[in-house]
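We just call them A, B, C and D in the order they show up, numbering each chain from 1.
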Amino acid sequence: MRVLMTGFDPFGGESVNPSWEAAVGVAEALPDAAARRLPVVFGAAGAALREAVAEVRPALVVCLGQAGGRAELSVERVAVNVDDASIADNAGARPVDEPVVPGGPAAYFSGLPVKACVAASRAAGVPAAVSQSAGTFVCNHVFYRLMHLAATEGPGLRGGFVHVPYAPGQVADGSRGPSMEVASMVRGVAAMIAAACGTPAGTDLRAPGGAVS
Amino acid sequence: MRVLMTGFDPFGGESVNPSWEAAVGVAEALPDAAARRLPVVFGAAGAALREAVAEVRPALVVCLGQAGGRAELSVERVAVNVDDASIADNAGARPVDEPVVPGGPAAYFSGLPVKACVAASRAAGVPAAVSQSAGTFVCNHVFYRLMHLAATEGPGLRGGFVHVPYAPGQVADGSRGPSMEVASMVRGVAAMIAAACGTPAGTDLRAPGGAVS
Amino acid sequence: MRVLMTGFDPFGGESVNPSWEAAVGVAEALPDAAARRLPVVFGAAGAALREAVAEVRPALVVCLGQAGGRAELSVERVAVNVDDASIADNAGARPVDEPVVPGGPAAYFSGLPVKACVAASRAAGVPAAVSQSAGTFVCNHVFYRLMHLAATEGPGLRGGFVHVPYAPGQVADGSRGPSMEVASMVRGVAAMIAAACGTPAGTDLRAPGGAVS
Amino acid sequence: MRVLMTGFDPFGGESVNPSWEAAVGVAEALPDAAARRLPVVFGAAGAALREAVAEVRPALVVCLGQAGGRAELSVERVAVNVDDASIADNAGARPVDEPVVPGGPAAYFSGLPVKACVAASRAAGVPAAVSQSAGTFVCNHVFYRLMHLAATEGPGLRGGFVHVPYAPGQVADGSRGPSMEVASMVRGVAAMIAAACGTPAGTDLRAPGGAVS
């Protein structure tokens, strides 16, 4: 199965973005995969994703993004049709409460079997959990664009979004919380992809992964 | 404007639920309002909400729920069409990845002006924030049912969901995190309702309230 | 029993310091108490405490300080002989690894019955816990100076330190964590003082209040 | 310089203790080092440490312990003369407010140059920070026993305590917070030991590492 991995440019004052390092690492570990790096820019990120899909023609797309502060791989459950930027993107834009796709539905569920992905990563020894929100910044924007593409133009296209923690070097000053080695991210995401390939579309492992609030 | 406030029964081992105490407090402070207590039971909670709406015939519905661990009033932005229980509800049910409403859309946005509500509570000195996820338990279930009701049967019905922190008495042993006095909850939610009444439906204050991830 | 309460000036960009508001509130609620406000300045804060003790001649001294980020009243167990400032004090000083009192012991235990104080606050419905560290800023400086004074010059002088959370108005923008109403702080600290008065010096309630790490 | 590394048995329901794995890894990486495993038992842990010191005759002792929930290597600044167990030790004991060493001083500062150790770990890319409290469980007990031994019987003996996070496998279910690869722990602690060997006893790097509260 041809796989497209995406990661992002650094943003928010960081000099690296582990999502891109992990995307490259996963693509290198798979027999038929490509990695593309997306700008942290509303609009442009979605356009770059669309071009990458047109070029690579993948059966599976897994977009990665950095979620500073999280301790585990976060398999996102739902993409929401809103851009609401608490910080500026890399082009200086700060949209507030604008739709990702005007007229699009309020949300799309991930095309990944999120529970099977979480279970596969854990079985590989890499902390993972279902996440109920991908935020409202460029990560969610790309996630929504991906799912909208799959829903409107991409019969047979599956995909979803996974947030990764900071890499250790980003938090080495010891006051910025959890981190994960990029090699662990690669191992966990590769296990997720194997699980996704082995799970028929539209089905998933039946395992709890919700949040009370 | 006739207002319906709802709160919940205690759950999760608690003997009180501050959402109910706050709902009563807000209803008593308003000239034309009623409060109804909902069971923490998937399905039954939605049915009880529906009955309350039919009986009270409100123009505005604000459902409150307890979000243990949060420090501020959380105005929920989006209701998602999934039940995924990490703990059992009060009837012992633990649905996993079932739709709240089969065939319903993936999500509904709140009918409240969430930014105006947050600003109003803060102006009243009560900590508040937009929340990007109402979880996947009975709170989200009721929120989704409310928005579905408004979308399908309730022309002119507005409403939304606000999570409240633990009350101090619930965390008095000092190891369970943030809390808020019920009187503060009442003051904050009352300010939100005034803001909602003063904001034309479909509009909102333009203020950032998003999350990066 | 004559009681001296102390609180601090605002610091760290805040316009209020709830420790001072709470100290005043407690002093007003007691039959024979005075409140003094200390500068957030290394050295000067200790000198001001010493003057206040000389003037008020208390049998019991309870110093309060603001601990932004904590959710409950924190009864400090131990004062450590080190100044290590991660931010500048209100006079612009940032001492690093200097002793509070040159030649003093590494630490002093609180003169309060910390377990009885915690239990009394909880019984009054106010979240409280033992804290294993008062930090290394001006709060710990004052705490150490108080205990050193009691150990070297103050036969019969009892006292200790309690950290209080932010007041709600300080975190009303909803992104700065837990808070507590000043009235609750007053109720909790007053209960602690009653407990201290009812507990013979050198004894305490036998109740766990430790931390694994 | 002969180095003694110690780690602990698993406790608190865990099947591994990364402090022991890291201690072994560091000892293997050094030219003249030994590793000893201590029981998580008040009293017995201190006795085992004393025996290990008598047998190995080290110039430097670095004791490691697991601090679940922390995100970085925590170089402990101060050992406090109190046992206060919030959970039972591996022998079922739960001492409350008992001295580690009856008649001993309230606290000892670490014999490690804590700032130089933190800086060295960070320079090696491994998140690290000064910690103001080692807790009141068996880790602090061993730390205090070590410093008491150095103060009373061990002229020339230097040492201190470093807490390590959970290993990833311990939190793979994704709901238990931060973790760190054991290989990173080894790299960070080895860098600390090199820094300690290069820093004259009684001196340290001048760098802030305090806490406001």
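The rule is simple: contacts are C-beta pairs under 8 Å (C-beta built on N, C-alpha and C of every residue); 3 or more make two chains touch, one makes a residue touch a chain.
Everything numeric in this text was worked out from a predicted model, so none of it was measured.
J.: Give the chains in contact with both chain C and chain D, ordered by label.
T.: Neighbours common to chain C and chain D are absent.
J.: Distance between chain A and chain C based on Cα centroids, please, to the nearest Å.
T.: 46
J.: Taking each chain's centre as the mean of its CA atoms, how far is chain B from chain C in angstrom?
T.: For chain B versus chain C, the centre distance works out to 38 Å.
J.: In whole angstrom, how far does the Cα centroid of chain A sit from the Cα centroid of chain B?
T.: Using C-alpha averages as centres, the distance is 29 Å.
J.: Let me make sure I understand the interfaces: which chain pairs count as touching?
T.: Once each pair is checked, the touching ones are A-B, A-D, B-C, C-D.
J.: Which residues, counting only chain D, touch chain C once they are in their complex?
T.: Against chain C, chain D makes touches at 12, 65-70, 77-78, 80, 82-87, 94, 96-97, 105-109, 115, 130, 132-137, 139, 163, 204, 206-213.
J.: Show which residues of chain B lie in contact with chain C when the two form their complex.
T.: The touching residues are 71-73, 118, 121-122, 125-129, 168-169, 171-181, 184.
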